[in-house]
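These are the structures, in structure tokens.
Shared chain: subunit A. Partners: subunit B in the first complex, subunit C in the second.
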Partner chain A sequence: MVELSELENDALIEIFNIGVGQAAASMSALVSEEVRMSVPSISFISRADAARLLGSRLAAEAEAPDRICGVSQHYEGAFDTDAILMFPEDKSLELVRLMVGETVSLQELTDMEQEAMCEIGNIILNACIGTLANVFEQELRGSLPEYHVGTSDEILGVSGSEPDSVVLMLHIDFALDKHQILGYVAFVLDISALHDLKEQINRYIARAMGQA
Partner chain B sequence: MTTVRDPSLDLLHSVLNAVTLGAVVLDHDRRVVLWNDWMSEHAQIPQQQALGADFLALFPALRGSRVDAAIDQALRHHFPSLLSQSLNKAPFPLYANAAAARLDDRLQQAVAVTPVDVANAPRHCLIQINDVSIAVGREKLLREQTLVLRSQTFADGLTGIANRRHFDVAIEREHRRARRHGTPLSLLMIDIDHFKAYNDHHGHQKGDQCLIQVAAALSGMLRRSADLMARYGGEEFAMILPDTDTAQATQMAEAIRARAEALAIAHAHGGNSGVVTVSIGVATRSVASAVNIDTLIGAADRALYRAKKNGRNRVEVQTPG
Partner chain C sequence: MTDVTPERTKTVLIVDDSRVSRMMARQYILHLQPGWNVVEAGTGEESLDKARAALPDLVLMDVNMPGMGGIAAAEQLRRLAPALPISLLTANVQSATRERAEALGLGFMEKPITEARIAQLLALAGG
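Presenting the complex of A and B:
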């Protein structure tokens, strides 16, 4: 669907790893404990394929399939996108409880825990987009995070984007103590946003090569 | 010259002062340009004092905090931030009333920091503060009730003290707390001496009674709510003592050993004393020896083994790692 050259792919992975590295540092400071995060891979897929992928992957890991927790923020500027951090519902319970240091877990995230989840999403998404904006030397503005629970298709469609939108999907490895949690960040892009993003990547690479 | 004030400005002003949340606007140099009545009341800083003041001069303790970083994100990068109560508790010194202020009993807060575009001026930011104290209280109650319900499955069927599952959860929680706060965490492994011989000689019913009696007496010695005694295995008990260093833990272990002996439960095959006694292994996780849970349990186990080997009815200490 969207082909990235090896160079473009590596550049994006590097940028996102800088972003989540900063997010991990913020989160470590917040909980006075080391939080590690990395982005091992990225891919461009259609929104429909992304929903299917998330549905099957997350369902394979989760005990109760289908239900996904998402935190979304809308960004606009150099390119427009809905950024969504997603975990299977039980993993998001685990993540929030690890972060908050709470051991008495209820069936679902409470209101306060949902808000904590929103903050975690806010930190990660702002860091990812912020790093992109920084290397692109462009400005992006964001909305406040929103919390969602539902199927992957519902979560990816929260913005009302068309099913033929493209999704830039990041795998995020999150580690705290001896716990390892795998999540996803999806950037939903329409065709013109995708075009803008590719153009920014190429400009960045040209600048980086020129400096080398 | 007379200026005609736009009446909608007066309305906005009144609304802003009527809302039940804190609203503060900072200009690009982080000076307060808007401070609503809610802030005046709960921060106990009047508007005339706040307006024009540097934000960090008003709240010096917030320098380098997440609030500080969020303001930076809004002013410099145009990104909004959400600061949840669960992860940030109560960053602002805001109080329900003067009495609460004297006790430093802060309102629980949910904070949002959003960039605000202003015509003909560099970007400002809006800080909104919601008092979520009621919701926090409600969830605390919910959690406590859940804990009570769950504790029924966390109790040992025979002795009524915590079971192994409860121990596993508690050691995990206390280990995390010790690591985050840099406090020592001690673990005692307690084993009834010659218990098999006691069972063989006095029968299993007597054996059960012995376990119940020892468990009740020893767990009754714990005074702090975070201390926990659990039945670890057959005749083995574990005691979690948070915020307790090796010297204090050893002292406690000695008191426990003496208490068990003082129960004077007759034991025909109980060694020299003729009564039921216990051996205890002590291990402490400290900042200097910041080991993981398995290593801590391993050290307490080794100490217990040594106490058995060195004649029983005694306390041994093992430094983990």
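Presenting the complex of A and C:
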């Protein structure tokens, strides 16, 4: 597995901090409430470990702990990754209600749940990825968002990544004023993509130090 | 007696593959400008047909859509109606997208859609 030096790890956390700030602003505008987000913690782990970790963390929050809804988008460019936003399934309708407001009937709300979750994922993931692309001074081309419901194993498996792929797990705790909603963002990269990401981080560090 | 020509009702064309986004944009537009018309298209291709029929005063264009993307559709609309105000309304906040919009003479507004952002966009059509 590719190792990051202390400086590279620090730079990556700082870049994600900026991305999370952008995502928090987007999320807040989306649900019309103040959103507090934790400082992201980043870990590179195997997909199986990521699924286990995710399952156990969400189990502590959700009423139906084994069911997660996820929105994924594939990005290509400076590095390739599958970005996945995940929430406990029982929070999905609540989020959509916050987004579209009280005027929409429950039937309409249920009908548009998947589509609305895709749009929420699209906005949050692009806020993170867009920040990364801007900081790296590169472009990342994204696919359309896809919606999935399943266990953490199934959700992290849907990205179609290779067995040697690692998950850059970015934990983000979304805390809304009136609603306690826990969400996670994960980036799945294979070894080659991880090398590309490391290269981008080092270019960023060189620019920051005035060496490029 | 002075002839007063009634002002033509303004039309906004919303182009977005997300039904929820179209619904939210429509809701805010009609709240801010109850007398305006709102026309929707779910794809870039559809937006070209709708624009020919509705002759909109403003186009709000998503970028990432199936088939023809928003930027390609905006380029074609620009050829059809060079003076038509077109603004991207997108979750894609990358500098590359903003620069592309600027080079093509398109406005740029990031999602999520809020009433304040829609109000800024309607100002492009005199709203």
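Here is the rule we use: the second predicted complex is superposed on the first by the 172 of 212 C-alpha atoms of A that agree within 3 Å, B and C clash if a C-alpha of one lies under 4 Å from a C-alpha of the other, contacts with A are read in each partner's own complex, and residues count from 1 in each chain.
What we mean here is this: contacts are C-beta pairs under 8 Å (C-beta built on N, C-alpha and C of every residue); 3 or more make two chains touch, one makes a residue touch a chain.
Predicted model only: the values in this text are computed from it and were never measured.
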| item | value |
| --- | --- |
| Contacts of A:Q22 with subunit B and subunit C, given as first, second, both or neither | second |
| Touching partner for A:M209 - first (subunit B), second (subunit C), both, neither | neither |
| Partner chain in contact with A:L106 - subunit B first, subunit C second, else both or neither | first |
| First, second, both or neither for A:T131, with subunit B first and subunit C second | second |
| First, second, both or neither for A:L144, with subunit B first and subunit C second | both |
| Greater subunit A contact set [subunit C / subunit B] | B |
| Subunit B versus subunit C as contact partner of A:E33, first or second or both or neither | first |
| Residues of subunit A that lie at the interface with subunit B and also at the interface with subunit C | 26, 29-30, 99-100, 112, 115-116, 118-119, 122-123, 126, 130, 133, 139-140, 142, 144 |
| Sites on subunit A touched by subunit C in the complex | 22, 26, 29-30, 99-100, 112, 115-116, 118-119, 122-123, 126-127, 130-131, 133-134, 137, 139-140, 142, 144 |
| Complex contacts: residues of subunit C adjacent to subunit A | 17-21, 23-24, 64-66, 91-96, 110-112, 114 |
| Complex contacts: residues of subunit A adjacent to subunit B | 26, 29-33, 77, 96, 99-104, 106, 110-113, 115-116, 118-120, 122-123, 126, 129-130, 133, 139-145, 177-178 |
| Subunit B residues within the subunit A interface of the complex | 66, 69, 73, 77-88, 110, 112, 114-115, 132, 135-136, 139, 142-143, 146-147, 150, 169, 172-173, 176-177, 179-181, 292 |
